[in-house]
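A, B, C and D label the chains in the order they appear, each numbered from 1.
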């Protein structure tokens, strides 16, 4: 414990020094300094490099944000050569040396996105304008990710997205300065397909409840493509207001619709509520056309599983990563996260940790912080040992392609963290798609 | 037909929750003249009484999962189950209904403390100040809850035997697809009982008479030399209990999280105002009316004609009612019009 | 016959089953002070409310300067020149005394609506001067004109309201019990103020309980009982009218 | 208002302008001297000043002013998308559109007063928000927010280069400090107008409506047009603020129309002091400072701050303060609301007044007949 303390102290002073310097220096000076630099927030004159971690600290996703922040702090620690190194030891190929990034010690600043585009952009701007971050990361919603990704492009600062699942993030709204390690709705659909076929057959009648905003729509579309490809019929797709709380008025029509499968395109609180209530309406005990009624939650997280409790048992979905994976990378990460904080990391924590390391490694590979060069290193980068098998950062859309986990709610958990059971690790080849299908334009390297 | 019947039930159920929250809000407003933005927080605290009671009952012996070495993972076995076996499990299963034992005294205490400690100093202050101070209080309460329980919703299931649905269709000789969750039926019944109890209390007791008189004309009652202050305190306590019970009973329907009060706050104000400021009957009527309309607006047939109508119906109805009936459904002249 | 300012013809008004006004006819002549007296509940305030647009009579007509005013809104009637002093003081408690008097002066000068934000209120010298002069009539001078109106005594508030009405130089001033609930010396100050107004030749209707006030300021007196006018005449005629003494004054010696 | 004792408008404007334009310097030591937050101060300052014209002067508590902010933003972004990246048309249309909507919503809502008015405005704003978030996505781009794309028409601008264009005023880019100075100048103009309104007979009449609307009617004023004017003006201020938000950052999100956003401006105004000239600006400063700076303070920064203390004291202080910063910034804000309203009913301006008075009474023995 005292070790941690010491680390905190030392590192913090650096972080704080950057903080204080930016705060105390007359702004006119800073402004001129920017103009003189060849790119935004060039850290070449400083002994530290500052990263920004922009996560939801208030609002519905605050717990997820807190977990992301833990992962970021751990990543910074490992980059600076402290702690056990975590996935730095398993990442291949890796040029990370444990001496910071390009020899500069890593400092960080944090901010609150409030899961609102405006607040997230304001927070990111603060990091860029005041704290001088060279890269920022985090987030727990696609709307926010897309909004700050646009900002990243405008300001010329790399954004390594946290949890964002909408196809748009690396589809029609993709940006040269934005990168996503997390998987997306399209990949969820592709991964779920074979499992659905195996478990539920090819003759089903599906009813969608969809959160009425962009992420919900893209997921509905992707899952529909998959299920209709299997031969399923889509009985109806109903949009529900975000944060409705009580979904009963959307659930009762399902009873008489003749549908035998409910697909919940909800996330977070909405999903916890709609699932809890759907189960109360006896949907899981129902028989339709001689088939057991099934519920599917295409995107899942352990925190959501905690909130939904018993109701989630046996329900299928996909997830980006789970702490119970036994590969070396996952084990190394769970070990260092678990011993630091006393509980396992969430998928949001995992993706944030990986993103931080990937960025740092790209800088090392490029030999500079100059964003266009760093971006070129990330584009098309192939790596392994980060918990999802062999992974590629596709150059065409900045989307990572890797294995996707199909999971179900654990019927017999062996501990309070053992909520998700891995049904299948769907290999990367099955979830790949053509980058051009979603359109969009990455934009220029130089801004 | 079935669909309409079910939506009616949904509406009544929602309406029950709206009415319960609005009832306490309007009671406090009508007697104390205080606009209480912390009322939603009371609802949330009620739900967290259920959570706390469940936590209390499930204090567990922790059996370490030895296969996990990086951190301590436990399989939790509640002491109640260890000590009392099946009876213990049953008690835990019934934790939400049983938490009423904790909710009533806790909410009463919170209500009394809130009134004595803060609200009473704001009787004579402007509504703007009341809003600011109670909103501040709501944020503080919310953040304190988050500090202890986190931001993630916490599952608080209904007892096992009533966690499913009742075959209403079979009872009524209608379609077997016509089912409705037991707990929601209980919630509706419960809200009707509470509403009736509050009305009976106000109609039949001398205390209630004074309170009603106070809602009509506060200064008059004060002039009669009745100790109004003390009565106000009790009214506030009562409102807190009603809101708390509404929240507690809602926990199995909506897994509680620290922010749930804010989500209901705006809605409950709309309900109170549509009902007419200071009118208890109006609040209840508006609660049910808005609940039912909201449910019907969500029918697919209606949504296909007017997309998005389910998202705005409450506000739309509020506008229409306030324009046709200047003081809501049953409001009196001169109450909060300046 | 001199000019009629206000002509009330056959006005009826019922509330529920209660006949509040019963075929009331009243003619107010230019330059006269017309008092309306009557016991509580006789319909005095209802009559006044029918004149200023607060209530609409069931039947009958009210014409002001030859123009029908039934159905007109309060501000329109005011702009026509009929101004009312309320029974409970209606002033602007949050504004200063000076502003209280300036506001009605603006109404007189600029009409029911004007939007001009480029001249500061503090440079409206004419209106400030006039308001200051009017306040001086109330013995309010110097820095006292900047005090908040809400902090004044009740009697002062009512006199302030009177001044607020006077600055509009109304064609017709309606006074609803201007001295009700006042102590003797307070009443005297109000009477003095009203006498001053009388000298200016302004037409007035006064509703009053206090016979002392009525007989010292009125030119004509109408007696209202149970919603109907039972007598009209000069103070001396009314004083001597046996019906009035019977029905209203209860035989009291005046 | 004491006419003879008020400072001349010129002096007030001079002091105000200097204070606003030098914000980057005097806010730097407290960590608020960076362009984005400075822009936010100016923009929300305009929003609050405008809101104060309605709420502070007439007492009508609108709970839906964020809708006009949102409409201003959407209009401005559409102007960038369709017409030109020059900010002047964007701002013009933002103000115009917000004014139109304010006229519409005001016409309906002002038929009621008191809380009924508040709920009507709330209802309109919530409807706008809910629809903008979902059904109106083709116009608003829903949750993500309306942004510029390379495919936009921009008929008055030349062919687009590579990458997205940025907003400009005749060649001067509107991001960073130039964006702030632009907002600051607009703020100064907006404040000047508000000062004029406060000091004019029109403003006095609005205050009279707040004080006693019945008397106003019987004094010969048609109060509805006055209220409408105030409502539309404050709506246009909100639209202006919304337009400026888009100018400094061309993205318009639906959540800026949500009731919490409307509530925020109410809180800002009350916190600073309702109906005072400067109060709303103070409220804006405090709330935005908390949202942007307090929320970003983490344990690490605290350790650094208290590093001058001996180890155990440092840890103690950090432990005590941690719950109130970073993710706990809401808690601090809640406590602040309560403290202010309990001890200073008139908001911060009242606190300042009290300090001034105390100072005055102490100084009174030496100097009499002092001017304000």
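We adopt the following convention: a contact is a pair of C-beta atoms (placed from the backbone, for glycine too) under 8 Å apart; a residue touches a chain by one contact, two chains touch by 3 or more.
What you are looking at is a predicted structure, and each value in this text was computed from that prediction instead of being measured.
Trainee: Once the contact rule is applied, which chains count as partners of both subunit A and subunit C?
Mentor: In this structure, the chains that contact subunit C and also subunit A are D.
Trainee: Among all chains, which one's averaged Cα position is nearest the averaged Cα position of every protein chain shown?
Mentor: D
Trainee: Determine which of the two chain pairs, A-D or B-D, is joined by the larger number of C-beta pairs in contact.
Mentor: A-D
Trainee: Calculate how many whole Å lie between the centre of subunit B and the centre of subunit C, each centre taken as the average of the chain's C-alpha atoms.
Mentor: Using C-alpha averages as centres, the distance is 52 Å.
Trainee: Distance from the CA centroid of subunit B to that of subunit D, rounded to the nearest Å?
Mentor: 34
Trainee: Once you find the CA centre of subunit A and the CA centre of subunit B, what distance in Å lies between them?
Mentor: So the centre of subunit A lies 35 Å away from the centre of subunit B.
Trainee: In subunit B, which residues are in touch with two or more of the other chains?
Mentor: In subunit B, 311 touch at least two other chains.
Trainee: Pull out every residue in subunit A that's touching 2 or more other chains.
Mentor: In subunit A, 62, 66, 212, 239, 241 touch at least two other chains.
Trainee: Would you give the residues of subunit C that are in contact with at least 2 other chains, written as numbers and ranges?
Mentor: none
Trainee: Strictly by the criterion at the top, what is the full list of touching chain pairs?
Mentor: Listed in label order, the chain pairs in contact are A-B, A-D, B-D, C-D.
Trainee: Which of the residues in subunit D end up touching subunit C in this complex?
Mentor: It comes out as residues 1-4, 6, 9, 193, 196-197, 199-205, 207-208, 210-212, 214-223, 225-226, 229.
Trainee: Looking at the complex, which residues from subunit D come into contact with subunit B?
Mentor: Spelled out, the residues of subunit D in touch with subunit B are 59, 61, 108, 111-116, 118-120, 122-124, 126-127, 130-131, 134-136, 213, 259, 263, 266-267, 270-271, 274, 323, 328, 330-331, 333-338, 340-342, 345.
Trainee: Tell me, which parts of subunit B touch subunit A in their complex?
Mentor: Subunit B residues touching subunit A: 2-3, 6-7, 9-11, 13-14, 17, 65, 67-76, 146, 150-155, 157-158, 163-165, 175, 177-181, 183-184, 252-255, 257, 259-260, 263-264, 294-295, 298-300, 303, 310-311.
Trainee: Give the list of subunit A residues in touch with subunit B in this complex.
Mentor: Going by the criterion above, the answer is residues 59-63, 66, 212, 236, 238-239, 241, 243, 245-246, 248-250, 252-253, 255-256, 269, 272-273, 276-277, 279-282, 285, 303, 306-311, 334-339, 341-344, 413-418.
Trainee: Along subunit C, where are the residues that touch subunit D in the complex?
Mentor: The contact residues of subunit C facing subunit D are 52, 73-75, 78-79, 83-84, 86, 90-96, 98-99, 102-104, 106-108, 110-122, 124, 128, 143, 146, 164, 168.
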